Structures are given as structure tokens and as C-alpha cells.
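One chain, subunit A, appears in both complexes that follow, with subunit B as partner in the first and subunit C in the second.
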Partner chain A sequence: MKRNKEKNIFVALCLAPALLLFTIFMVIPTLNVFYISTLKWGGLSANKTFVGLKNYTILFEDMNFIASLQNTILIIVIVTIITMVVSLIFASIIVREDIKFKNFFRVIFYIPNILSVVVISSIFAQIYDPSTNGLLNSILGLFNGEGWTTIKFLGDQGIVIYAIIGAMIWQAIGYYMVMYMASISAIPEHLYEAAQIAGASRFTQFTRITIPLIWNNIRTTLTFFIISSINLSFLFVKVMTSGGPDGASETVLSYLYSQAYTNASYGYGMAIGAVVFILSFILSGAISKATKRDVLEY
Partner chain B sequence: MKKIKNMSTEKLFKFFVYSALLTLAVSIIIPVAWVFMASIKENSEFYANPWNLPMGVYFENFKIAFIEAKMGEYFMNSVIATTIGLVVLLLVALPAAYVLARFNFKGKKFVDGMLMAGLFVNVNYIVVPIFLMLLGADNMIYDLIEQELVLNNIFVLGIVYAATAIPFTVYLLSSFFRTLPKAYEEAAEIDGCGYFKTMTKVMIPLAMPSIVTVLLFNFLAFWNEYILALTLNPSSGKTLPVGLMSLMQASRGKAEYGVLYAGLVIVMLPTLILYILVQKKLTQGMTMGGLKD
Partner chain C sequence: MKKLFKVLLASLLCLGLVGCSADTDDNAGDATGTPETPVLKIAGLDGGYGSAGWEAVIANFEAAEGVSVELQLEKNIAEVLRPVINSGKDIPDLVYLAVGATGGLTEAMISEKQILDISDVLDMQVGAEGVTVGEKLLPGFTDALTSSPYQDGSLYLAPINYGPCGLFYDANLLATKGWELPTTWAEMFELGDLAAAEGIALFTYPTTGYFDAFFSAVLNSVVGPEQYAKLMTYDVAAWESESTKEAFALVGKLAGYVEENTVANANGEGFTKNQLLILDNKAIFCPNGTWLPGEMAEAPRTEGFEWGFTSIPAYTEGGDAYATTFVEQMYIPTSAENADLAKKFIAYCYSDEAAALFYTNGGAVMPIVGNEKFITAEDPNSLYYNIYNTGAKANAVGFAAIEKVEGVDLTSADGILYGTVNSVVAGTKTVEEWHADVVEAVKKLNK
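Then we have the complex of A and B:
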């Protein structure tokens, strides 16, 4: 009995500090997102008015929000497809094929993942520099003759979003590759040997053995892709373009941030946050459900 | 005949594989190497071909970045925030993870569930409410002692870093604790260790491999963090990524490109060095946690 009481005290003491910090800086702010979204509030004054769901009704008629949502979805779709295909193929090559310098390639490919988004964005701002001294423009200049005007990657409303997508893919490939490599190398060798004896080509082995056997891992990464694209696109946009030119690269979370700080409408900003938060859950859930297959055992 | 044909398609395949791998590797190496190269160029060199090698080693850029652009000060701030974040995180997350992995108690399911849900709450969503909460606290403190304490405070930033990393860290550590055999605790109990002593003297040392992984991931996350630092410490206590952004804006106006690249090197060099030292651990640890912020 004494031992039991002692145990309870020990458990409580161990949990208390973590739960206290977690509650103050995560639970309460999360609840506050929803609470503030029902207010009209400039943030700095004590002047809060309860407006109910009004922020939400404005939201669905706000064309700027719709445009930022479209940008975000475009980013999610393109980044996911390209990153996934490229990193799956590279992972499979590095694990399956008899390649020299495997370790070298793995080490290099993971580098973008350890750099700050601010660093990556600054590097890409120089790569996309609109003058002839920009890395990309200086290369393009070699293929184009006199009178060619440089491309304003970050200054052209039609290109800017793809420029950001390029930087995001550059950053993401290594991460997902390492992840897929781990699960591909867990597939037993004898399956591939049997396939080879049966005359299956590399491509068939990839589609019929590799993909089905790491399907669960692919599904998990799909959720990561959705959630991290929403979050990372915010940081890339914030640093590289702050939503410009003329709102052309605004994504949902950067729109939230600018509504809260530049426009000082915290209530409206939080309504955006709440909607995006819920949308990202629904999207992840739907995709996870749509891709559910029976797990193959090996 | 057929064999020869197979040989040549095999060679062609190898050729394609190597060129694809090399293209990707080059596309990563060149931008990074380019930053290092540009950081030792003199300002006049930036008006020439960007692919030119630097004419000499111009360290003045780093001097200006460190002193005039205050990157030295920001570096110290980053060190402080990251260190506090890591120390506080380990102090609170290790006991919590251990207890959640090894003890049964009332409300355990609830705590587990809350922390799991916390994995899905990204800082980007809650940065504004955190800012408003700290602002409110500051206003209250100001009424009492006429001073603002919470915002623009590098120590508070470190604590916020620790708090936002709790769900991921507890999840990772407690799944490691679960893999340890019960026999260790039984032996410790027979030897007369209390709960606390069993945890600190026996279990936590055994968890060293996962502690190292946790430290690595969170070091990178804290060191590179931008949005919290920007929002909570806008005027003083700036960290390196925030300082780098102001440097970027300033150097565009003054056309001091060399200093900007020196700043970039200052921010990424520590993470690159750490990565080279521990890259195996990092990529292994990733598949252990299998999580991304």
C-alpha cells in the first residue's frame, strides 16, 4: 500500500513538468486558435468583440483566400508527385543495384534536409536572381542568343509558384529517399531472385515487388507530404516572396500570417488557421482511406 | 549473340543510372559549394560571371557579417536558445517518457492520447496564439514592474522550443524505453533502488542511443527554426535565421553580396559539420522515429 502511494507520487512528479509545458504552449494555444477565430480583435487592444461564426462566412467569400488555397493545393499535388516518384526510383536504384559510392550519394542527397529553410530560400533567391548574374539565368543565357531577356523567376506571377515548388522538391527528395531506402532494404532478397529466375524485368520487379511491399510506408509518407507541404510552403513563401508579386504566391498559412500581423485582424487569421487545420486532417484521412490495401506479408 | 546484346543494354542502363545519380548530386553540391565560394569573393567580383572562381580569400566579408551585421551576437543567441531548448526538453521529456512506457496509472490513456494529438499540431498554426498569450503576460508584468520580460527574451524562446518538441520527443523516447527488458528494473529493485534511483541510475543510461537521436533531431530543428524566433523575438534576442533575413534585406539595398554569403555560411556551417560527424546516426534515427515536423 505504501509502495503504491509512493509510485503514484513518482508518476505524478515525472509527468507534471512535461504536461505543464505542453499544456501552456501547445494545448492552450490550440484551443485559442478556435476561440480567437470567433472574435473581432486587433490583438493589441483589449477591444475584443464576439462575432460568432462571422469570420468563417467572410472566409468562404474571400477570393484571396480561395486563391491561396488553390496555390497550396497545386503545391501539395506537384511536390508530392515529383518528389515521390523521383525519391522512390532513386531509393530503389541505390538499394537494389550494384552501384559504386552508394554511401556518398546517400550522404549528399540528405544535405538539403539539414539546412534551415531560411538558408535554402536565400540560396534559391540567388539561383533565381533575375539579372544575368543569377545562376539559372546565366546558364539559360548560354542557350539563348542576343536580345534574350532574363526570366524573373520570383517576379513573374505565372512562374513564381513553380519556382517555389522547385525549391521545395530540392529540399524534400533526400528525406523521402532515405525513408524509402530503409523499407526497400527490408524486403527479402529471395523474392527478387525468384522474380529474376522467372524472367521479370527490373521495371516489373519494381512495380510488382517493391511498390506493393512498401505500400504502407508510401501511405504514411503521403500524409507527411500533405502536412509538411502546407507547413513548408508557408516558410518558403514567407522568406522568398512574402506572398508576392501581388499575392500570386500566397499560400494558406502565409495568408493567415499576413492577415494576423500586417492587417492586424487576429480573429480572421485564426479562422483561416482553424479551417486549414481541419481541411488538412480531412485530406489526409481521405487519402489514407483511398489508398488502403491489404497488407502484403513477406 | 543474345548475350552480347544483353551486355550492352546493361551498360546503357548503368550509364543512365550513374548520370541520374550524378545530376542529382551535382544539383545539391553546386548551390552549396557556390555559397562557400561566394562568401570569400570581393564585392567587385559579383559583377563578373557568377561562375568565376574567387580571385583570393577575402575574409573581410566574415568580419563585417560578424561585427557590423551582428551575426556574432545572433550566433550566441542561437547557441543559448538551442542549448536551453535541449536541456529543458531532456529534463522534462525523459521522466515523462519513462513513466509512460513503464508504469500503469489512472489517466494514462488520456495523457498518451493528448501527446499523440500534439504530434499533429504544427508550430505554424499556434505561433499567433502563443505570441498573443506572451504579449498579454508582458502587459500584466508591465503594470507591476514597468518592464517587459517575456517577449524578446532568448530564454523564453528556448523554453517554447522545448515545449513544442515534447510530443515528438516523448513519443520517440517512450517507444525506446518499451523495448528494454523488465529485468533491469527488477534487479534494481532487489538491490534496493527506489523509483527515482532506478530511473536515473539504470534506465536513463540505457536509453543513451535514443537520447542521442533525440538531441540530434532537435538540435537541427531548434537551430534552423525561423517562425517562432521571428514572431516572439522581433526586436532583441534575434537568432541566426532571423538575423540572416535582415542581412539579406540590408545587403540587397547596399549591394554587399559577399557579406550575405558569409552570413549564409555562418548559419549552415555548424549543421553541416555536425552532419558530417554523425550522418550515419541521423539517417538511421530517422527511420526509427519515422516522423517529420
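Then we have the complex of A and C:
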């Protein structure tokens, strides 16, 4: 009995530093965000007025916020679907197929992940250049005759968000590919051999063996997709378009930033932050629930 | 023994934590100053004028006053200072950051009333020149809304580095094509049609952020100074008026003459490509400040290119043509420790000695009487500063301080008033919609 108590004290003492750090750096700041979101505060002075949930009522009538939320959800959905499909296929090809320069491709695909978002954004600013010298526009120009006007990837309000999505997918593929490759490599070879003998095609092997056996990994990456899409979209938007033209590429975090700082409405910015926090929790939870399957043992 | 070891280990972990958070105040004494020599902390923007001017002026001030000055100039000073000001510790005694600069820190300081009233600086002597700061400053600068934002007759932000914002163009292009420099908007659009026939656009802009200087000059020339002053104080009736609508319509018409790639490049990443358009003779006019030739010094250009600079055209024949006077500000935060020393430094900045140093080390011009001593006729800068001697009127830009309203950003570079220009140019919003949005925002700000 005494030993047990001693053990508990020891465990508690060992956990204490980590718990303390977690409380100081995670729990308190998060609670603080919720507290500040109930204030009318410019962010600099001691002049804070408690306004209750007023910031939230303004928020849900603010069409700029709704538009930025729509953009963010669009980014999450499209980036997740395309990146996941492409990186799964690439991972499967590199691990499963007997192709040359495997390691070379592995490195090439991973490179965008090492580059900083600012560098990637600068690269894509050149790719999307609206003049005929732009990389994409000069290629498109080959297929179009005289009098063709170039596509304004970052200037057309209907296209700009997809242009940002394109850059985000390019950046993300390598990272997720490496994650999928790790779990695909762990699948025992004999399963594929047995499937081959039974006459299963490559595609069937992919859908019936690979996908089910790395399902847990896919589920984990789905949460990553949500969090990283929300975070990275801010950086891409900030560098490539500053939310423009005229707010067309604004995402929730870039809108939070411009409200909290440029518009000196810190309390309002934190209300946006609180909504994003809750939203990403709900989204991750819902996706995790919807994709729950029995883990297959092998 | 084992138990003792466990307890020791655990307390060691905890100690480590405490160690991490321990205040490092014992280092504070190592700073450059001692109690005898006060330290003046200056923080500001590392902008187009560079840091050499500041360093030279500070060196002289240190020698004259026997004080020590710490200078911190950063490109992202708003982001650097925000947490510092929030923490209330180590607040700079003097901040050099213009109203309207990226990050909105100065606007936040104004709306949060965090800036010290420095009206007494106006009565301070400028070195041994025998004049006060108030006498030395050019008229009109201290009562502008950018310096006296609360309209209470007090000075809060000291004006520094002024320069005209007008339209830049290639003088050689106009000369070779035989095109006249337009003085009215009617002539401007005529020129636009002529140029369009040769595949040259009339207008481009780096980002919508430059519309604060450009559009305010248009507004001033269309509605007149009296109503313009009302616009700057968010007067709803003034914003709703027909004459204000006419100014919007003018920009709407100009939108049809804007170079086609402008909107796509009107962001932090591509704005230089828009500026390049006038060097490449793909567009004629580009609104900008005097730093543009320096900023584009290394850029390739068409043969024979020659910088030209003019005011915004007059609305009607014989009407007033304006060029916005862009002026930066420096101010003392209310919680600064050495406010008196900072005031002394501000007064010193307006001395001939400091002004000469600022000008020769980076080209910044102080808004003081006797500037012509530095900017001689041979000086390339005289092209810009002469604009007011050749008929253009000075237009002050800057809105009155107002309590910020959540979700309503009217006046920032991407705000409703200027940011929407991109939509008007792209054709996704009409001028009427833009005007209605602005009026609605002004109404919300007045609530």
C-alpha cells in the first residue's frame, strides 16, 4: 500500500514539469484567447471593455469573415483530396513498383517541404506571372493564337484561390508521400504475392490491400491536413496576394491578422481565433469519427 | 536512499523549469548606459531612406548632449514593437513609424491614445539657431490630421521626411511621341486613347496602398478643400454627396485605362513589376513617392528613359491640381521613460545640421524652413520638390482618429476605400457598389 502511494507521488512529480509547461504554454493562452474575445480592445492599451459575446454576433454578420471562412474550407477540402490521392499514388508507385531512380524521386518530391513558404510563394509568383513571360502563361500561349490574353492567376478573383491551392498542393505532396511510403513499406510482401497469384490487378491490390492496411496512417494525416491547411494558407496568402485582389483570397487566419492588427480590433481578432479553434476541433473530430474502422492486423 | 534519489531527481526537473523562467534582469545593468548617462531608445522603420541618416544624426546628438542613444531600425518594426509595447517593458522613447505604414501600429497607438502630447516641443529651441521648433517647421504640417489626430490643437506626432507623391512617367516617351503632359482629367483620358492605339496603357499602380496619396488628391481636386476636410473626419453627408461620387466615377473611368496585368501584380510580391511597366513603356503614369527612382535604380529600362514627375491632373480646366504631400511621423509612447530626452532629440532633428545629415545620408527631407539650402537646382531631387513651385497644390492625407469598429476596415491599403479599386479595375464591382460600400462603412464608423 505504502509502495503504491510512493509510486503515485513519484509519477505525479515526474509529470509535474510537463503538466506545468503544458498549462503555462497551452491551456492558459488558449483560455486567454477566449477571454480576450469577449473584450473590445485595440491590443495595445490597458483600455479594455467587456462586451460579452458582441464580437461573435458581429462576426457572424461580417460578410468578409464568411467569405474568408468559405475560402478556408475550400482550401482544406481541395488540398486534402488532391494531395492525399496524388501522394498515395506516388508513394505506392515508389514503394511497390520496380522503377529506376527511386531515391532520386523520393528526394525530388520532398524538396518543396524543405523550402520555406516565402521561397515557394516567390517561385509561384513567377509561375503565375500574368505577362507572357510567366511560366504558365508562356506555355498556355503556345496553344493559343494571336490576340490571346494571358490568364491573370493572381489578379482574377475567381481564380486566385485555386492558384494558392495549387502552390499548397505542390508544397505538401512530398511530405505526405514520405509518410505514406513508411507505412506502405511495412506491409508484408506475401500479401501482395498471394493477391497476384489470385489474379488481382495492381489497382485491386492498391484498393484492397494497401489502403485498408495503412488506413490508420491515412486517418492521422487527415487531421494534419486540416491543421496545416489552415496554418499554411495564411502564410501563402500573406506572401503571394496579401489577401487580395480586394479580399478575394482572404482566409480566416489572414482575416484574423488584418482585423487584430491592421484594424486594431484585437478582441474581434481573438473571436475569429476562437471560432477557428473550435472549428478545427469539430472538423478533426468529425473526420476522425467518420473514418473510424477496425484496425486490420497483419 | 532510493527514495531520496527520486525526490532529488524530481525537484531537479522542477528547478530546471524555474531556471527557464527566471528573470534575466541581472543583465540589465550591462546596457550601454549607466545612471549618469541616460539612454535614449529609438525604434523605427528601416525604410526607403535607410539607416545612415539616423546614425549620423544620432552620433552628433550623443556628442552634443553627452547621452547614449540605442537605435533599432527594422523592416518589420510594427511586428517587432507590438509585443514590446504590450508587455510594457523596454518601451522605446521615440518611435519612427508613419501613419499608414504596414502593420497599422501607429494607427493603433493613435486610436488607443498611447501617444504623448508633445505640443511643448513646438516652443523648444532648435539648437543654437535662435528659433523655436514651431517657427522652424513648414506651415501646415503640425495641424495636419497625421500630426494632430484628435483635432484638439495639440501636437502628438512630429512630422519627418516629407516628399510629394505624384505621377511618375517617362519624360522621353512623351517627348518622342509628341504627347503633351495632361493638366486636366479630360486631357488625361485623351492621352489614354492616343496611347491605347499604340498599345500603351495610360495608368498603373504598384498596390492599392498608393491610392491613399492618389485618390485623396483626386478627391481634394474634385470636391474642394472644405468638403475634403469633412471627408477626412468621416462626415457621412460629405461622403454621400454628388461631388464625392464624381471623384469615384473618375477613378471608375480611369479603371478602363489601367494596364491589364496591374491587378495581378498589385501585391507585396509583384508591385515592382507594376512599377517596371513605366520603365518598359507599357504604361505611362504610376502614382508613387520620391523614393521610386531609388527603388528602381537597378531595374532595366527602355533606351532614353528619363524620369518625369507631375501632379494629379485638375478636375476642370483652370481648377486646382494637387500632389499629395507624403510625410512620415515620429512619436513618443505615453509609457516612454525618457520622454524629455526624446523631445530634445525631436527638436534637434529639425536643426539645419540634422536636416543636412538626413538629406546627404539617404535623401530624406525634413519639413523645415530653408530646405532650398540642400535641394539645389542641380540636385535631381529638385524635380520632385519643385512640383509645388510649378502650380500644384499640396494635399494632406490622413484621416481623423476614430474609435475602430470591428470588421470595418475603411482606410488601410486593403481596406474598403482603397482595396476595392482592384475590384473596380478587374470589373467585378461597379463604381456605384464601391461608393455604396464606402458610405456604409463610414456610417458604421460614425455609430
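Methods note: the second predicted complex is superposed on the first by the 269 of 298 C-alpha atoms of A that agree within 3 Å, B and C clash if a C-alpha of one lies under 4 Å from a C-alpha of the other, contacts with A are read in each partner's own complex, and residues count from 1 in each chain.
In the analysis below, a residue touches a chain if its C-beta (ideal position, glycine included) is under 8 Å from a C-beta of that chain, and two chains touch if they have at least 3 such contacts.
Here the structure is a predicted model, which is why all the values come from computation and not from measurement.
**Q** Just to be sure I read the superposition right, which of the two partners does A:L53 touch: subunit B = first, subunit C = second, or both, or neither?
**A** A:L53: touches no partner chain.
**Q** Return the chain, subunit B or subunit C, that is in touch with more residues of subunit A.
**A** Per-residue touch count on subunit A favours B.
**Q** Look at A:G42 in the shared chain and tell me whether it touches subunit B only, subunit C only, both, or neither; answer first, second, both or neither.
**A** It touches subunit C, and subunit B stays clear.
**Q** Looking at the overlay, does A:N231 come into contact with subunit B only (first), subunit C only (second), both, or neither?
**A** After superposition on chain A, A:N231 lies in contact with subunit B alone.
**Q** With both complexes superposed on chain A, which partner does A:V117 reach: first (subunit B), second (subunit C), both or neither?
**A** So A:V117 only meets subunit B here.
**Q** Touch check for A:I66: first (subunit B), second (subunit C), both, or neither?
**A** The answer is neither, since A:I66 touches no partner chain.
**Q** Please work out whether A:S242 is in contact with subunit B alone, subunit C alone, both, or neither, and reply first, second, both or neither.
**A** It touches subunit C, and subunit B stays clear.
**Q** Touching A:T262, do we find subunit B (first), subunit C (second), both, or neither?
**A** In the superposition, A:T262 contacts subunit C only.
**Q** On the A-aligned overlay, A:F105 touches which partner chain: subunit B = first, subunit C = second, or both, or neither?
**A** Touch partner of A:F105: subunit B, not subunit C.
**Q** If you stack the two complexes on chain A, which partner ends up touching A:T149: first (subunit B), second (subunit C), both, or neither?
**A** A:T149: touches subunit C, not subunit B.
**Q** Under the contact definition given at the top, report the residues of subunit A touching subunit B in one complex and subunit C in the other.
**A** Looking at subunit A, the two contact sets intersect at 6, 10, 13-14, 17, 21, 43-44, 122, 125, 239.
**Q** For the complex, give me every residue of subunit A touching subunit C.
**A** Touch list, subunit A to subunit C: 6, 10, 13-14, 16-17, 20-21, 40, 42-45, 47, 55, 58-59, 62, 64-65, 121-122, 125, 128-131, 149-150, 152-157, 239-247, 258-259, 261-265, 267-268.
**Q** Contact residues on subunit C for subunit A in the complex?
**A** Residues in contact with subunit A: 3, 6-7, 10-11, 13-14, 16-17, 78, 82, 85-86, 103-105, 107-109, 111-114, 207-208, 260-270, 273, 404-409, 412-414, 419-423, 426, 428-429.
**Q** Would you mind writing out the residues of subunit A in touch with subunit B in their complex?
**A** Subunit A reaches subunit B through residues 6-8, 10-11, 13-15, 17-19, 21-22, 24-30, 32-33, 36, 43-44, 86, 90, 93-94, 97, 99, 104-112, 114-119, 122-127, 133-135, 138, 170, 173-175, 178-179, 182-183, 202, 220, 224, 227-228, 231, 234-235, 238-239, 253, 256-257, 260, 266, 269-270, 273, 276-277, 281.
**Q** Which residues of subunit B touch subunit A once you look at their complex with the stated criterion?
**A** It comes out as residues 13, 17-18, 20-21, 24-25, 27-32, 34-35, 46-47, 49-51, 88, 91-93, 95-96, 98-100, 103, 105, 111, 114-115, 118, 120-122, 124-126, 128-130, 132-133, 135, 159-160, 162-164, 166-167, 170, 194-196, 199, 220, 223-227, 240-241, 244-245, 248, 260, 264, 267-268, 271-272, 274-275, 279, 282-283, 286-287, 290, 292-293.
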